[in-house]
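Below, chain A partners chain B and then partners chain C, in two separate complexes.
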Partner chain A sequence: MIWLRKTFHIVGWPTLLLVSSFAFIAIFGSVISPYDPTMQNLSHSMQSFSGDHWLGADNLGRDTLSRLIAGAQTTLLGVVTVLLLAGTVGMMLGTLAGYFGGWLDEIVMRFCDFGFSVPSLFVALAFVGVFGPSYGNMILALSIAWVPIYARLTRGVVAAAASQAYIESLRVLGASPARIIFRHLVPVALGQVLVYASADAGLLALAIANLSFLGLGVQPPQAEWGQMLVSAMPYIQEAPRLVILPGIALTLLVIGFNLLGERIALAKNPRAMSRRKLTLRRAIFKKELEA
Partner chain B sequence: MLEPILQITDLKTHFRDSRTGADIRACDGVTLHLNPGEIVGLVGESGCGKSTLGRTIVGLERARSGSIMFKGQDVLALKGREGAATRREIQYIFQDPLSSLSPRQTVGEALNEALIINGEGNSAARRARTLELLEEVSLPSQLVDRYAREMSGGQRQRVCIARALAADPKVLVCDEPVSSLDVSIRAQIMNLFLKLRDDMGMACLLIAHDLSIVRLAAQRVYVMYLGQIMEEGQSASLYRKPAHPYTQALLSAVPLTNPDEEQSRRRILLRGEVPSPINPPSGCRFRTRCPAKQSECETMPPLMPFEPGHGARCHFTGKVDIVANAAVP
Partner chain C sequence: MDSLSRRSVIAGASALGAAMAFNLSTLPVLAQDGSKTLRLPLLRGSGNLDPQRYVGIFAVQDMIFDPLVQYGPGGKIEPSLADSWDVTPDDISITFHLRPGVSFTDGVPWDATSMVWNLNRWLPNEEYRWLQVAANYKSIEVIDEMTVALHFTKPTPTALTELGYVRPVRFLSPNAVDETGLYKTPIGTGPWIVEREGPSGTDLVPNRNYWGPKPELDRVSLVVIPDGMSRISSIIGGEIDAIGGKFIAPISPQEASTLNRNGVTVVTETGTDTMVLGFNPRREQFKDIRLREAFNLLIDREGIAKVVMKDYAQPTMNLYPEVIPYSGTRHPVPSRDVERAKALLEEAGWTGEGTRNKDGMPLNVELVISEDAVAGSRALGEVLQAGFLEAGIGLTLRNVDHAARHGDIPEFKYDLSLFVTNGAPYDPYNTLGLMFLSSVEPGTDGKIYEDEDLDALIQAALGAREGERPAAFQAVSDWLYDNWAIAPLFHGDRIWAHSSRIKSFTIPATEYEMPLKSLSL
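Let's turn to the complex of A and B:
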C-alpha cells in the first residue's frame, strides 16, 4: 500500500478526487446513468431541475445528467485514445531519431518542425475537412496533430540518455540496438512522456470539445460536451443551465488534468522557490528566531 | 618476441566541427601494440586524444583510417553477429563508474544482462556465473541486490569491471579507471587489474593522466600529445631516461616524495596552450612549445630508437635534455 500513499502524497486529495471521479463516471457511466442519453421524451422537453431529471432535460426531453455522463465517456475515451496513439507513434519516431541520429533524425525533426509551425487544431481542422466529420476521424486528426509533440519530447530524452556511459558500455558489451532501445531507452522516455501526457490531457479534452462545438467532431445524437454546448445555444436565455452545465463539466475536467500534470511534474522536478515565497519564508524564519 | 594481441597501425579518428565543418584530428596516426598479459600505459594531458583512441578501439567512435588487428582480424572491418562476438572480447572501463551503471538496475540485473548479451542462455548458469564474477573482483555476494547509487565508488568500479569480465575479454581498455576514486581506493583497483593480468592473462590498455598510477602498473608506456604518440618505451627506461622533451617536461612536473629532493627539483614550465587539433603545427607537433626547438623540427620526425624498446618522435632523440638546462625554481 506504500505506492498508494505515495501517489496520494504526490498528487494531493483534491486532484485525485477530481480526476478519479471523472474516471469512475466514464467507466461506470452506463450503470449509473439514470436514462438512455439519446432517449427523447418530448413531454419532458425543457424541464428544469426536478425529481425525474435531477439536472433537467433539453429541448428534446433528453436527460441532461445522462448526457453529461455520456459526454464524459466520449471525452475521456477520446483523450485516452489520442494520447495512446500519438504517444506510441511519437515515442517510436522520437526514439529512432534520438538513438540513430543522422538523416533519420533530420527527417523526423523537420516533420516535427512542420507540425509545430502549424497550430495543431488547424491540422486537425484540415484533416476533418478532407475526410469528413466523425468521432473516429476527429481522434485520428488529433492524434496526427499531437504526434510531433511526443516525437520531439522523446527524441530529446533518448538522445541525452544514449550518450550516457551506461548505454555506451552496453554497446561495448555487444548489446543489440533493439535491446538498448526497448530495455533501457524506452523506459526512461516513458516516464517523461507520462508526465507530459497527464498535463496534456486537459488540452486534448478542450480540443475535442472545440472540434465538436464546430461540428467537426462528435455528431448528434451522440452526447459530447462541446456538442451539447452548441445545440443548447438557441435556448441560452430560456434555459441557461443547458449551456452552463457542460461548461462546468469541461472546466472541472481540464482543471483536474492540469493539476495532475503539474503535481506530477513538480514531484519529479522541484521548481525553485519564487522570490515572493522566499521572502515570506525568511520573514517566518526571522520571527521564529526572535521568539 | 611475443605476437601482439592488439596491433593498432596508423589509426586516425577525426571529428567534424559542426559549425565550421573543419576536421578535428583527435587521433592522428597512432601506432601501438599490446602483448598478451601486458599492462600498457597511455599518458598525455587532457584533450590529447587518448580517450578518443580508447573509444575507437572498442567501436564507440568511427575511425577515419588505419587498422586495429585483433586475433588476426581487423576490428574496424568486422560486421554482423560474428563481428560483434569478436569485438566483445575487447572491453572498456569508463572513468565514472556511477554513470556507467544503469540507475534502474541492481548489480545482479546488470551482470545478468551482460551474460545474456554474451549468449549465456541458462538462467541458473547465469546466476552462478554472476556470483563468480563478483568473487573475481572481490565483492561480497550480498551486493547483487544493490543499486549503483547504494554503493561506494570503489565498489561501483569493481562492478563495472565484473560486467566487462562477463564478456570473457582478452583486452581491457581502461579510460582513467581510478581518477574519480578516492586515493585510498585507487591502489585497490590497480591491484585488481594486476591480479586480472596474472590470473587470466588479460592485456590492459591503461589510459591515464596520472603518471604515478601508470608507473605502478604498466610495463610499457606510450606518451601522447596532440593526437600522436610522442614516445614509447619500457616503463623503467622511460621514467628513468625520458627521451622526448615533452615527456621530460611531464615527468619534471611530478612532485617528489623526498622533501630535500623536492627542494632542488628542476621543473620545466611549458609555455603556451596546446595547439588546436583542427590546425595542428606542421612538422613536429610539439615544436610550438618545445624549449629545444631547432629548424629541423619543421619536418615531421619519425619514431627514432633510443634504447631497446624505447623510442621518441624527436629529431634529437638521445641528444636533448631540457631538464638539465632548466633553472631550479
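Let's turn to the complex of A and C:
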C-alpha cells in the first residue's frame, strides 16, 4: 500500500477523487447508466429533475444522466486514444531526431515548426473538413495536430540525455543504437511525456468538445458533452440545466486533468525545504554527529 | 500610477452600474415614445433593393415597389397597379387596365411607358426563364396610355400569380437607374419611401401620395439583429415591437414558447409551406415503392409536430397545406407502424438482424441536414434516426452548411434530404415545376422526386385552364400519395410575436411581406 500512499501524497485527494471518478464512470458507465443514452421517449421531452430522470430529460426525452455518463466515456476514450497515438508517433520521431541529429533532426524539427505555426484546432478542422465529420476522423485529426508537441518535447529530452556521459560510455562499449534508444533514452523521455500528457489531457478534452460543438466530431446519436451543449442551446432559457450540466462535467474534467498534471510536475521538481523541515533535519544531523 | 483604493473602485463600479442602468432604461423609451415609430428587427441588412436582383430582403422591396396584381389571402389575385385585367379564354394574352392617378415617388407617372420600360428590363431576359411568364413571353402591346397587353407563345395560366411575386416583377421608376441601366436608388410607387439605408438598418417613412390606404405609422425603423437570441431578448426588453417572418426575423417554435412564457403575444397562422423528407429518386433502392412506404410508416409525425415543433405545426401527408390554391383533398396521416414497415422491408428483400441488408449491402442511408438552410433539422434528423433504427435501418446524419447543401442537393449527392416547399405566393406552381419536373434543371433546392408518369401529370396541371385545374392538381397529389413518392412531415405554422405597444396585428398573406397593412399602435 506504500505506492497508494505515495500516489495520494503526490496527487492530493481532491484531484485523485476527481480524476478517478471520471475514470470509474468511463469504465463502468454502461453498467451504472440508468437508461440507454440514445433512447428517445418523446413523451418525456424536457422533463425536469425527477425520480425517473434524476438529472431530467432533453428535448427528445433522452435521459440526461445517461447521456452525461456516455459523454464521459466518449471524451475519455478520445483523450486516451489521441494521447496514445500522438504520444507514440511524436516520441518515435522526437527520439530519432534527438539521437541521430543531422538532416533527420532538421526535417523533423521543420515539420514541428510547421505544426506549431498552425493552431492545432485549425489542423483538425481542415482534416475533418476534407475527410468528413466522424468520431474516428476527429481522433485522427487531433492525433495529427498533437504529434509535433510530443516530437519536440521528446527530441529536447533525448538530445540532452544523449550527450550525457553514460550514453557516451554505452556507445564506446559498442551498444547498438536500438539498445541505447529503447533501454536508456525512451524511458527518460517517457517520464517527461507522461507528465506533459497528464496536463495536456484537459486541453484535448476541450478540443474534442469544441469539434463536436461545431458538428465536426462525434455524430448523433452518440452522446458527447460538446454535442449536448450545442443541441441544448435553443433551450437555454427554458431549461438552462441542459447547457449547465455538460458544461460542469467538462469543466470538472479539465480541472481534474490540469491539477493532476500540475501536481505531478511539482512532485518531480526539487522544492525549497520549509523552515520546520530544515530545523528537524538539523536536529537529526546534530544527533547523528553526537552519536 | 498610484494603486486604486477600495473607495475609488466602489465609486467607479457604482458609476458604471448607474450608467448601464440608465442606458438600458432609455432603450425601451425609444420605442415607446409618443411618435408612431415601429421598430422591427431584420435578419440582415436590406441589401441591394433592385427588384431585378436576388439580393435584397423581399419584405423591404415589397414596402417600396408595387406589383401589377397582388396575392391576397387564400391565393386570391387582387388589383394593385393594374386596376383590372382581361384574360383571353386560351390563357395566351392578358390585357391590363392600369390604375389611373398613380405616380412614382419622384413624380414620374405610372402609365404604359413606365410599365413597358420595367417589363423590358427582365421579361425577355434568359435569366428569368424560371417564370412561365418569361419562358412563354412573346410580346408587349401598348393599346393606349393606360392599357397594355401581354402576349405569350403558349397558354400561361400561372401568369397572374407570377406577376404578384416580389422579384423580379415589381415596378421601379426609370430614374431609379443610371444612364447604363444599372440600379442606383429605390424609387417605387409603394406605401413607403427609404429615408436611411445602411448596414445597421433601414428607416422608411410613409409615401404621402400613395394610391392605396395611407400608412398609419410615422416611420418604420428596421434594425439589423442577426442573432436569434438577441432578437428574442430585444423584444422581451421592449427594444423592438414585433418579430417574425421567415425571411425577416424568423422565430423558431422553441423561441415562440419562450416568448409566450415571458408574456409576449405570439400570433400564429397555418403555414403555406411543407417540410418534406425526400428520397433521392436516382438511388436504385428508392425505386422500390415498398421501401418508400416502410420509411413513411416509420415516421412519428404526431411526435415530431408535438415535440420538435412544440405544437406549432400540423402533421401531414399532403404536399401543400389547405391555404395553397388547388392543394387538393387531405390524405390521411398514417400512424407509426413499425411491424408493417418491417414486413414491407422483409418483402422487399431487406432482411437480417441489426442493420438489415440485401445481397450483402447493408441498409445504411444518409440524411443531409443543415441548420442554416432548415432550422430545427438536427433535432428532426435525430427523431427520424431513432425511428428508422427500430426497424433495422441505419441512418447517418450529415450536417452541412447552407452552401454545401446547395451544392450537394442539386447534384443528387444524398440518400435522404429535408426539403421545404416554396409556399405562397409561389405554390402550387413553383414547387411542382422546379422541384419535381424532370425536364427542368434542378435549381439550388434540388429535386424532391422525379418520375416520367408524374411529369405528365404535372405538365397537365401547370397547363390546365381555370375550370380543369382542381382535378389536374388533385391527380398530382393523389399520385404522390399512392406511390409513397415523398414523405411529407408537417406544415409549420407562421409565427409572429409582438409587444403590447401593438394594438392590432394580422399576419400577412405571404412570408414576403411586412405585417403593416392592418397594424396599429
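Everything that follows uses one rule, which is that the second predicted complex is superposed on the first by the 269 of 291 C-alpha atoms of A that agree within 3 Å, B and C clash if a C-alpha of one lies under 4 Å from a C-alpha of the other, contacts with A are read in each partner's own complex, and residues count from 1 in each chain.
The criterion applied here is as follows: a residue touches a chain if its C-beta (ideal position, glycine included) is under 8 Å from a C-beta of that chain, and two chains touch if they have at least 3 such contacts.
Remember, predicted model here, so these are calculated numbers, not experimental data.
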Legend entry - chain C versus chain B on the shared chain A, clash or fit after superposition: fit
Inset, instruction - Please indicate which partner A:T251 is in contact with in the superposed arrangement: first for chain B, second for chain C, both, or neither. - result: neither
Legend entry - Partner chain in contact with A:P187 - chain B first, chain C second, else both or neither: first
Inset, instruction - Have a look at where A:S21 lands relative to chain B and chain C in the superposition and call it first, second, both or neither. - result: neither
Inset, instruction - May I ask you to decide whether A:S48 touches chain B, chain C, both, or neither, giving the answer as first, second, both or neither? - result: neither
Legend entry - chain B versus chain C as contact partner of A:R171, first or second or both or neither: first
Inset, instruction - Give one of first, second, both or neither to describe whether A:T279 is in contact with chain B, with chain C, with both, or with none. - result: neither
Inset, instruction - Report the partner of chain A that touches more of its residues: chain B or chain C. - result: C
Inset, instruction - Mind working out whether A:E238 is in touch with chain B, chain C, both or neither, as first, second, both or neither? - result: second
Inset, instruction - For A:S30, decide between first (touching chain B), second (touching chain C), both and neither. - result: neither
Legend entry - chain C versus chain B - closest C-alpha approach in the superposed model, Å: 45
Inset, instruction - Once the two structures are superposed, pull the chain A residues common to the chain B and chain C interfaces. - result: none
Legend entry - For the chain A and chain B complex, residues of the former touching the latter: 164-166, 168-175, 179, 183-184, 187
Legend entry - chain B to chain A touching residues, read off their complex: 58-60, 84-85, 87-88, 91-92, 94, 96, 99-104, 113-114, 117-118, 160, 163-164, 166-167
Legend entry - Contact set on chain C toward chain A in their complex: 229, 232, 252, 254-255, 257-258, 261, 300, 303, 306-308, 378-379, 381-383, 385-386, 396-399
Inset, instruction - Provide the residue numbers of chain A that touch chain C in the complex, in ascending order. - result: 38-40, 42, 45, 59-61, 132-133, 215, 219-221, 231, 234-238
